[in-house]
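Common to both upcoming complexes is chain A, partnered first by chain B, then by chain C.
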Partner chain A sequence: MKKKLNSQTEWEEEMLFLRLSGDITSEGEEEFKKMLPLDEPSAPVVLDFAGVDYINSAGLALLIGLVRRCRESGRPVGAINLSGHYRKIFHMVGLNDYITVFDSEDAARLVFASENNHESGV
Partner chain B sequence: MCLRQKIIMKVVSEMTASRRLMRRIFRLAAYIGTVAFAAITMGNQFIQGVTLKQQLTFYFPVVFGQCLFAVLALYALSAAYLKPVLHVLDGFEKENEPEQELVARSRKKAFNYPLDMFLFLVLCGVGLILIFHFSEWFFFYKEDIPANWWLVTLQNATFELTLTVSLAMLFFAFSRRLMRGLLEKTTGLAPDEGKRLAVKNRILLTITSIVVVATSTFLSAYLFFPLAGKPLPVGLFVILTVLVAVFCAVVGVVTASDTARDIVLVTGKLEQMTRGIQPGLHQTLAVTSLDEVGDLVVAFNRLQQQVAKIYRDVDRELALARSVQAELLPKKFPSLPGWEITGVSLPARQVGGDFFDYIPLQDGRFGLAVGDAAGKGMPAALLMAAVVGLLRAEAPREESPAAVLSRVNDLICGTVSVGMFITALYAVFDPSAGTCTLSSAGHVSPVRFSQDGTAPELADTGALPLGLASGISYSEITLTIPPGGGIAFYTDGIVEARNVTGELYGFPRFLNAFRYSSGSESESFISSIVEKVFRFSGGEQEDDLTLLVVRRLR
Partner chain C sequence: MKKWPQETVQITIPSILGYEKIVLSAAGEMARNTGFTAERVEDLCTAVQEACINAIEHGNRGIKNAAVLVTITETSTGLQIEVQDYGREHLPTGLGLKQPNLEERIAGTGKKRGWGLYLMRQLVDGLEFRKAGRYNVIRLVIKRS
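== the complex of A and B ==
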């Protein structure tokens, strides 16, 4: 039943996609530590929850930590493929103030790409 | 399977444990005796050049008689020597608990038996060799001693002695195997006492005997086939080399595999123990040899005992912590006119991170808090205890639940370590108005339900948990509770219970439960939900689980 957490990092159009799979629990701590590469510190991050079925409270703590680190360096954070259950949970634990939940990968690309352009325009 | 085999199997299965052991010892002794007889006879025939007439009239009967004597003597001695062992084995088979003193004696005998029999065989060999060569001299060469006779006899005696030593080593190794059953059964029942024969000395002894057997074989071949002026008898040397090599290999492999078997037994047991056992459980490994491997097992068992003791201590402390924690939470809610409060909290481990609390306030109002510290076990329990205390202190001072949570958040923010947080929900009930004002710090939203079961709904709450960032102001909402309806507080242990396929119990199932049984008594409603969750998860509780129902009576 328990699945080890794995993450794959993909750079796409100046956006960082973190494809997560497995359970997000306290055992994923090591995986979370190495998740944010520092080469583009302000590029938007999109967390892909397609392979995630379970997040417990310790996992939420890790997610909150990650999101806060992103906020400190000014990167916007988005989430895609989040199940209905965890949409509710994200809202309840106040993660929605920090993460934009998108309905699709394209929606995330569209919004973050325009933000990027907008920022570089300024 | 033929009839004869069936009969043998039946006879063997009906034999007592002691008879089975003695049968094995006899068979082992007979094999060893046969090998000795064959080796000596072949040596006489092919190396010493004894004539057929000499063989039949003297060598054959004498060697056979000596080997038979050695086998029978070994068997009889074993039967007498192993008496306590045989008693204990039969006792175990009949499931009688043998006496402590008898077990101790049998264990000591089982440890000593291989080495003592080794010594007996060597002494017996020395005696027989002396008798044999004396009678050889007496019957054949008394009058006329041939040239080189002393040298050849000395060499022969050396060869025979080393053969004896090697065969005694084989008996030693195989008989250790026979003693293992008893030693395994009596480990821990009696002390590990007996004579020591270190692996190093065993190997040294084996190597020495192998070397002497090999060199003395070739020496005797050289003495009997002087090469002066003759071509080298290549065939003979090849045959000798092969025979010696086979012998050395057998003795070497048996000695090595005997020790290896001890080690394999230990590693096998260790693997068994690490696969799915409770760490606190004390499991003793069997001590079956008094050598380096035995020492290792003894040391390991001592370590196990210590670990088990530490676990027991920790368990005792956790049990204490649990009772302290249980004291912290309200055991019973006060009965309020027109209202009913019922709750249950089930920790997944000995101490939990979930909590609920009842705080009486002014003007007939009361506060209810529910929370969940991230993680499980002791750290979560400590954090939870701190928050319960702070809530009790802060709740009577502030009117608004949101302000209470903000205060508590600011107070714990500096003190909790990074990555830890606690979700909390605090609600203030006004019984006269039938309302509840609540604020959530990252906690799962409560469910408001009506008596007829229509439209149970999650209250809309959302904010960061306590302990992550200071200076947060929380929002609050006020809900009207319909008569007969109520509000349920819970923790994620309910909605995130998982079944075997990893599917979550989830909000829809939880809300549905209110549709069907919200009209029933609070207590039976709570137990029906807990039962549903457990049935869903197959009885396995991954996280702490808390459910609290506040109902406004009609």
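== the complex of A and C ==
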């Protein structure tokens, strides 16, 4: 019944993609702790929810904690492949004020790459 | 002429996180078969999920063999779901009325948890907490569309 949460880290164009799969619940706490590598501490983070079909309130709390850590180091946070239902949940909670939800991976690349270039003066 | 309630399903699960998914499967199936829109099925499932988690974690304090009893009843407008636990923690009636302060939580100053009851209130058409003898009962009412 439970699907263990896994995250795969991919660096792409100075952006960190976290490919999530499994359930986002309290049992994912340890996985969340190791999600943000220390190198490139201000690089944007894109959470890919393609492999996630179950998020509960404890999982939302973990996502909020991740956003907090990202903000502390100045990382913008985005989300891709988030279902319509969880977009609604993010909106209810207010997470969409802190996580930019993109319609596609390309849109995330485009927006965050231009922010990176702007910040580095390109 | 149809008389309501028409169908009732009861499910008992142990107080082990993950078992709430069995309830979601049943409630979701019942909702789909009684004309709920896809969006309302998802709303229902998230609300029921949170009610079950609340019962497991708080009402039964995670005591594995303390059962959570879920009763799903078809009504004229949708479904009514009652989630009963052993009432180890008292449920004030106003729970979930106030939106948790996300800004504080992002700043790391507020409580970490507490979204479940708020989400339940947002996703259903009616939400009540009551004491039935020693038990806590959360009643969710959700319309088809």
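Just so it is clear, the second predicted complex is superposed on the first by the 121 of 122 C-alpha atoms of A that agree within 3 Å, B and C clash if a C-alpha of one lies under 4 Å from a C-alpha of the other, contacts with A are read in each partner's own complex, and residues count from 1 in each chain.
As a working rule, contacts are C-beta pairs under 8 Å (C-beta built on N, C-alpha and C of every residue); 3 or more make two chains touch, one makes a residue touch a chain.
Keep in mind the model is a prediction, meaning the values are calculated, not measured.
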Chain B versus chain C as contact partner of A:A50, first or second or both or neither: neither
Chain B versus chain C as contact partner of A:A58, first or second or both or neither: both
Chain B versus chain C as contact partner of A:L110, first or second or both or neither: neither
Which of chain B and chain C A:E27 touches, first, second, both or neither: second
First (chain B), second (chain C), both or neither touched by A:V67: second
Which of chain B and chain C A:N96 touches, first, second, both or neither: first
Contacts of A:H85 with chain B and chain C, given as first, second, both or neither: both
Intersection of chain A interface sets (partners chain B, chain C): 1, 26, 54, 56-58, 60-61, 64-65, 68, 85, 89, 92-94, 97
Interfacial residue positions of chain A with respect to chain C in the complex: 1-2, 25-27, 54, 56-58, 60-61, 64-65, 67-68, 71, 84-85, 89, 92-95, 97-98
Residues of chain A defined as touching chain B within the complex: 1, 3, 26, 53-54, 56-58, 60-62, 64-65, 68, 85, 88-89, 91-94, 96-97
List of chain B residues in touch with chain A within their complex: 353, 372-375, 418-421, 423, 440, 442-445, 458, 461-465, 468-469, 492, 495-496, 498, 500-504, 506-507, 542-543
Residue ranges of chain C in contact with chain A within the complex: 17-19, 21-22, 39, 42-43, 46, 49-50, 53, 99-100, 102, 105-108, 112-116, 118-119, 122
